[in-house]
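See the structures that follow.
Here come two complexes built around chain A, the first alongside chain B, the second alongside chain C.
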Partner chain A sequence: MTDFLHLLHHELLLSLVIVCMLILKLADRGRSGSSWSNLLNVLLLINFAGGLLIEAEGSLFDGMFRSNALLHFEKNVLSLGLLLVGLLATPYLRNHKHSAEFHILIASTLLGMFFMLSAGHMLLFYVGLELATIPLAALAAFNLNRGESSEAGAKLILSSAFSSAFLLLGISFVYGTCGSLQFEQIALTVSGNPLQLLAFTLVFTGFAFKLSIVPFHFWTADVYQGAPIPVAAYLSVISKAAVTLVFISVLYSVFGALQATWTPYLLITALLTIITGNLFAMRQDNIKRFLAFSSIAQVGFILTGILGANVDSEGIVLYFLLIYLFSNLAAFGVAGLISAATGKESILDYRGLHASNPRLAWTLTIALFSLAGVPPTAGFFGKLFLLTSGASLGNYLFIGIAALNMVVSMYYYLRIVKAMFMETTAQPIGKIPTGVAPAIALALCIAGILVSGLSGSFYEHIHLLTLSY
Partner chain B sequence: MTAIPLTHILVLSTLLFFIGVFGFLTRRNLIAMLMGLELMLNSVNINFIAFNKYLYPEQIEGLGFTIFIVAIAAAEAAVAIAIIINLFRTTHHIDAEQADSLKY
Partner chain C sequence: MPSLNNLLLILLLPFCSFLLLGLAGRKRLSPLAGILGTTSLFISALLSVHSAWTYFSSTSSHKPEVAWSMNWLQFSDSLSIDMGVLVDPISMMMLVVVTVVSFMVHLYSLGYMKGDERFTTYYAYLSLFTFSMLGLVVSVNLFQIYMFWELVGVSSFLLIGFYYDKPSAVSASKKAFIVTRFADLGFLIGILILGHGAETLDFNTLIARLTDPSSPWLGALSAGSFLGASALTWGLLLVFMGGAGKSAMFPLHIWLPDAMEGPTPVSALIHAATMVVAGVYLVARLFPVFAIACPVALDVVLWTGIISSVFAALIACAQTDIKRVLAYSTMSQIGYMMFALGLSGYGGEAGLGYTASLFHLFTHAFFKALLFLGAGAVIHMVHSNEIKDMGGLRKRMPVTHLAFLIGCLAIAGIPPFAGFFSKEEILTAAYAANPVIYWIALITAGLTAFYMFRLYYLIFWSRESGVSNAHPVDEHHGEGTISMKLPLLLLSVGAVIAGLVPFGNYVSSDGTPLHIHLHIGDAVLPVLIALTGIGIATYFYKTESSKPAKLMQSMRVFYMTLHNKFYIDEIYLFITKNIVFPLIGRPAAWFDKFVIDGTVIAIGRTTDRIAETVRVMQTGRVQDYALFFIASLITLAVFAIYLFH
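Our next item is the complex of A and B:
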């Protein structure tokens, strides 16, 4: 019984938080949007703090649910991300009449991600994946009276269901050829016969949709643009990080025997993803579409890291995801504050931002520098490690192209910095009130970017954790 | 009387899957696209049950998976239809060709 409580403590705590939110919502109808946000953010803080307390290793339900210190660490990172998104969402939810439902839905998706991460069986993995995506579609359609938002929700749910169908077809062939859906059993029986290769290709396609890997990226920019900014931030960071981590464990441990097959897949898609993301990011004017394509390019770099498939790769990707979480949430946070206060979402509106809002401008600059990989920030080390991991295969032409693309990405990240600091406009954005909760979240993000870049202990910790599993 | 061989059933489910894909890609009404999706998911169910019955009759893993797929497909359809109804309320159409306010 104590074993059960220890291993499942993240999921149990989060379920408790969700039930508390539901009961509070039913019991108290008169509350305003901002007081809901404050109350529910406290619950998310309890969720994050509670997750840090216990570490246990083992498996439950006949190996269907696994847990260890590495998985606990990953879940803590995701809980921290959810807390930051909750804090950053307060200005958006201030005047929304369904702010409690927003938190309930977003916490349910996190629960799905937890189960997905801990899954030791295809069934739990699939159920977790769906729990993590279906509420997200409802969240993307959260601006109920705007057609764009509903359109984004419809696009998200249709394309994610389409990709799930391919994933399921792949899983059914895996079942047919291996006779089991247990990850360990599959890993033992995968031999690489043609049906298994087909099954693996279908599973890879399903993942590629969820991670918005080129050529399966078409939904991304539309959904990010139509969805509310906090939801776009959540989609681009936390949901992507969770799926990436599961993708790694599926590639390395379940389909480890097929490495000769998935190395070229990853190589080609990584190259396409980086180049396409960069080319499209250059010509965007809407900040949300811009961040969508920049996140596609970042996924390409993550794939480069996964490609290495040596003992360090998993730790490197996890470290990069942590940095990416801080950087992208800071960028989306500033964009969200400006959009909630003025409704402006075009990069041209950011001209002269430094004169009126120096703090926001500097926050966005540090975040963009980190995304671009400029040395003093953590993003540089993240990218460097990813490329080193990819280079361990000896494919230097590919790594060279990826590194050149880092230079190209500099152009469009610095374009925004230039607009904020060097250009002026007739109608600049006025002084924007930040509010306490978003200010805390932005400060945490900036601290995260700088500390994880300047101090090596973060990486050491992650590296040691991944080496032991 | 001879049993139907496994390959027949797999051919059926593969056909059904790609009819679903074709429907999803060619239909322009969002509800009809959803129907294509259901067809794809149901063909996967046939796959699971056939593999379970013919190859591993001593297990129930495939059957169990099918029940979960059916339940989740229902949840997915419920959310999708709710979103489509809301899209209709705000824009007065459910045509995929006209849902193009988000482009470039």
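Our next item is the complex of A and C:
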């Protein structure tokens, strides 16, 4: 019994938090948007802190659900991410009449991710994936009075239903050829006959869709553009991080026998993803779309790391995800603050930001430097490690192209820094009140970027953790 | 051994000053910013001199030692990255040079930058730059040096582009950043090759492993061949490429003259004494590997150095912008240092070139900073960089005049000024190593004397009135404040006596003292040539006359070639415009706009166009997305099933 509580403690705690939120919402109708936010952020903090308490290893329900220190760590990272998104969303939710629902939906998706991460069975994985996706469609449509936002929601739900159908078809084929949906069983029986290859390809596209890997990324731009900034941040950071981690374990441990197939898949898609992401990011003037596309390019680099498939790869990817989480949330956070206060989302509006809001400008600069991989920020090490991992396969041409893209990406990240520090405009953004909650979140992000970049112990911890599983 | 606390303080003081000024002090500390930055640098400089003194007076044999290090990143079990402080003769020497010159510049800027609305920011950037440069100098491994190398690049980018409302300053800082970044990419690849081959990034271990002929690492690195050179050669050449980019060696020098758009004291700091010699320092740091394991790479250093040296000296003769003359002269002098390293051997008498090169680095820092600061005072007074707006200033600016004259004599190599000794050592080494190099170097020395005195006469003599109509002399300024004159005087003293330091006792290729004997006989020819150069300059430029114009007329083609810097910028332009361009096949209309910014941005634009093509697929209709989804899926599946099985 205690075993059950220990292994499932993340999921139970989060469910409890969701139920609490629901009850609070039902019981109270008079609360304002910001007081809701504060209350629910406290709950998210409890969720994060509670998650840290227990570590247990084992499996439940005949191996359908498993847990270990690494998974706990990953869930803690995601909980932290959710907390940060919650804090950063406060200015956006201040005047929104459904701020409680926002938190309930977003917490539900995290619950889905937790199950997905811990799944030892295709069905649980699928259920988790759907739980992590469907509320997101509602969240994307959260700007109720904007057509763009509804469009984003509709597009997300349609496209993800479409990709789910293929994923399910793939899972059925897996069952048909392997006789089991248990991950361990599949790993034992998978041999690489054509039907299995087809099945694997279908499963692969399911992941590719969720991760916006090119050429399965088309939904991304429209959804990010329409969705509110906190939702876009959540989609591009937390949701991606969770799916990436599952993707790694599915590739490495479930379909490890098919490495000869997925290596070229990853090679081609990583290349396409990096290049396309960069090309699009370069052209964007809207900060939200810009961050969305640059995060597509980042996924390409993550794929490069996964490609390595050696003992270090998983740790390297996890380390990068952590840095990416801090950096991207900081960038989205600043963009969200500015958008909530002034409604401005164009990069041109950021001209002269340093003069009026030096703190925000510096925060965004550090975040962008980290995303661009400028030493000595954490992002540089993250990228360097990813490329090293990819290079262990000996594809130097590919690594060369990826490295070149890193330089190209530097150009567009620095463009924003240049706008903030070196350009002026007739109508600069005025002084923006930050508010306590977002300030805390941004400070945490910057601390995360700096600490994980300047101290090796972060990476070492992750490295050791992944080595033992 | 100097005390560790002092060493750390030397680095931390500028860093703290940067943090304080950059993050907290924008408004609150504004009146104090200059004082704060200058004081912290003053203490740093004192500590550096003290540390160097204790270090050099303690023992006679100086092997590199790691004074302090911490494990910073555990990359894998076999490869970890440390941060530390390396103590050896060249790092101690560089600490002194960087902190002293930086202190002078801090002090000088109190007057020069007075009243600038971003005064605090300026000092924050200066402190950041100094810190990065110091970190670079004391690096214990290739990785640390790379990190600080980049930081130096970023902070110099900020300083060059300090007047960001001037479009030329912005484009200059961009150019500097892009060109050096391009070189740094080579540097990074070089580091990876060396680190991969030697399985270490640590300087001491790396040098030990790559200089021992029986070591397996050296064997592995020199065994393979790629495009006709071993991995070791490639690694070292790529590392040198990084150095050549920062040190503005031909053909990566194009950023240096443009970088003169920054405030003049910044040029004195970055483009005289510190950042531009980073490349020399890098080669010196890895010198045993170059000299023992890979003489081919050292030959490249040699020829790059000598070509840059004579090339820049020729161009400097025909420039009309005071700071550009100094910029090309810097490039020429760094070329001197480079080729001296290139012709040096390892150990004993053969290592004279090494000692001479670093000696020249040391003396050059003083007299070139002096010249730049002097030029700054002139510009401050005349409000123009153009030589034609100056003339006859010697009576109005007696202190500057004297300082500038000392700087010119020093750089021309007239005894007993500092430049004479170091240049003489270089020439001696060259004479022993390679007569061709020796003669080219000698001609360069003559040219140097000529163009420096041309500059000197045009500024301080020539037109007696001293007033140009376009730019009336600002009488209120006078020569500037005492804080501007003091550094000039101090550096003048340095330019006179720095040559008397018995440098060979302290710095040599293998760490054992090298006793250098200068023969008076050897010095006669170089000094005569320098005097000839000065004489020619005196004849043409001392008084305003039509002689230079006539000369210019008679050698019109040659002069125009020099004036236009051998058309190098135009050649780059030509290559990008007429060769790269038709190959990519883009219409000329949009290409023209950014040719100046070089190929990097060209790549950006090209990809931009491709992006537009790809964008057509982003229709916004979910049906289309589904179609693309299925098409991609089928492609992947066919690919997997038929091509791989």
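By our rule, the second predicted complex is superposed on the first by the 469 of 469 C-alpha atoms of A that agree within 3 Å, B and C clash if a C-alpha of one lies under 4 Å from a C-alpha of the other, contacts with A are read in each partner's own complex, and residues count from 1 in each chain.
By definition in this document, a contact is a pair of C-beta atoms (placed from the backbone, for glycine too) under 8 Å apart; a residue touches a chain by one contact, two chains touch by 3 or more.
This one's a predicted model, so the numbers in the text were calculated from it and none came from an experiment.
Student: I'd like to know which partner A:381 touches here: chain B for first, chain C for second, both or neither.
Tutor: Touch status of A:381: second partner only.
Student: One more residue to check, A:290. First (chain B), second (chain C), both or neither?
Tutor: In the superposition, A:290 touches no partner, neither chain B nor chain C.
Student: Per the contact definition in the header, classify A:276: touching chain B only (first), chain C only (second), both, or neither.
Tutor: After superposition on chain A, A:276 lies in contact with chain C alone.
Student: Let me test your reading of the model: by the given contact rule, A:92 touches which partner, first (chain B), second (chain C), both or neither?
Tutor: A:92 sits against neither chain B nor chain C.
Student: Using the touch definition from the top, say if A:163 reaches chain B (first), chain C (second), both or neither.
Tutor: So A:163 only meets chain C here.
Student: Is chain A touched at more residues by chain B or by chain C?
Tutor: If we count touched residues of chain A for both partners, the winner is C.
Student: With the two complexes superposed on chain A, say which partner A:65 touches: chain B (first), chain C (second), both, or neither.
Tutor: So A:65 meets neither chain B nor chain C here.
Student: Classify the contacts of A:301 with the two partner chains as first (chain B alone), second (chain C alone), both, or neither.
Tutor: Neither partner.
Student: Is A:408 contacted by the first partner chain B, the second partner chain C, both or neither?
Tutor: So A:408 only meets chain C here.
Student: For A:197, using the defined touch cut-off, is the partner it touches chain B, chain C, both, or neither? Pick first, second, both or neither.
Tutor: A:197 contacts chain C only, not chain B.
Student: Same chain A residues contacting chain B and chain C, which ones?
Tutor: On chain A, the overlap between the chain B and chain C contacts is residues 154-155, 158, 162, 221-222.
Student: Write out the stretch or stretches of chain A touching chain B in their complex.
Tutor: Result: residues 122-123, 126-127, 130, 134-135, 137-138, 141, 144-148, 150-155, 157-158, 161-162, 164-165, 168-169, 171-173, 175-176, 179-181, 221-222, 225-226 of chain A touch chain B.
Student: Which residues of chain C touch chain A in their complex?
Tutor: The touching residues are 23, 26, 71-76, 80-81, 146-147, 150-151, 154, 161, 164-165, 170, 181, 185, 600-601, 603-604, 607-608, 610-612, 614-615, 617-618, 620, 622, 624-626, 628-629, 632-633, 636-637, 639-641, 644-645.
Student: Which bits of chain B are touching chain A when the two form their complex?
Tutor: The contact residues of chain B facing chain A are 17, 20, 24, 30, 33-34, 37, 40-41, 43-44, 47-48, 51-52, 55-56, 59, 61-62, 64-65, 68-69, 72, 75-76, 79-80, 82-84, 86-87, 90-91, 99, 101-103.
Student: In their complex, what parts of chain A are in touch with chain C?
Tutor: Those in contact with chain C are residues 154-155, 158-159, 162-163, 166, 192, 194, 197-198, 200-202, 204-205, 209, 215-216, 218-219, 221-222, 260-261, 264-265, 275-276, 278-280, 282-283, 312, 358, 362, 374-376, 381, 385, 403, 407-408, 410-411, 421-422, 424, 454-456, 459-460, 463.
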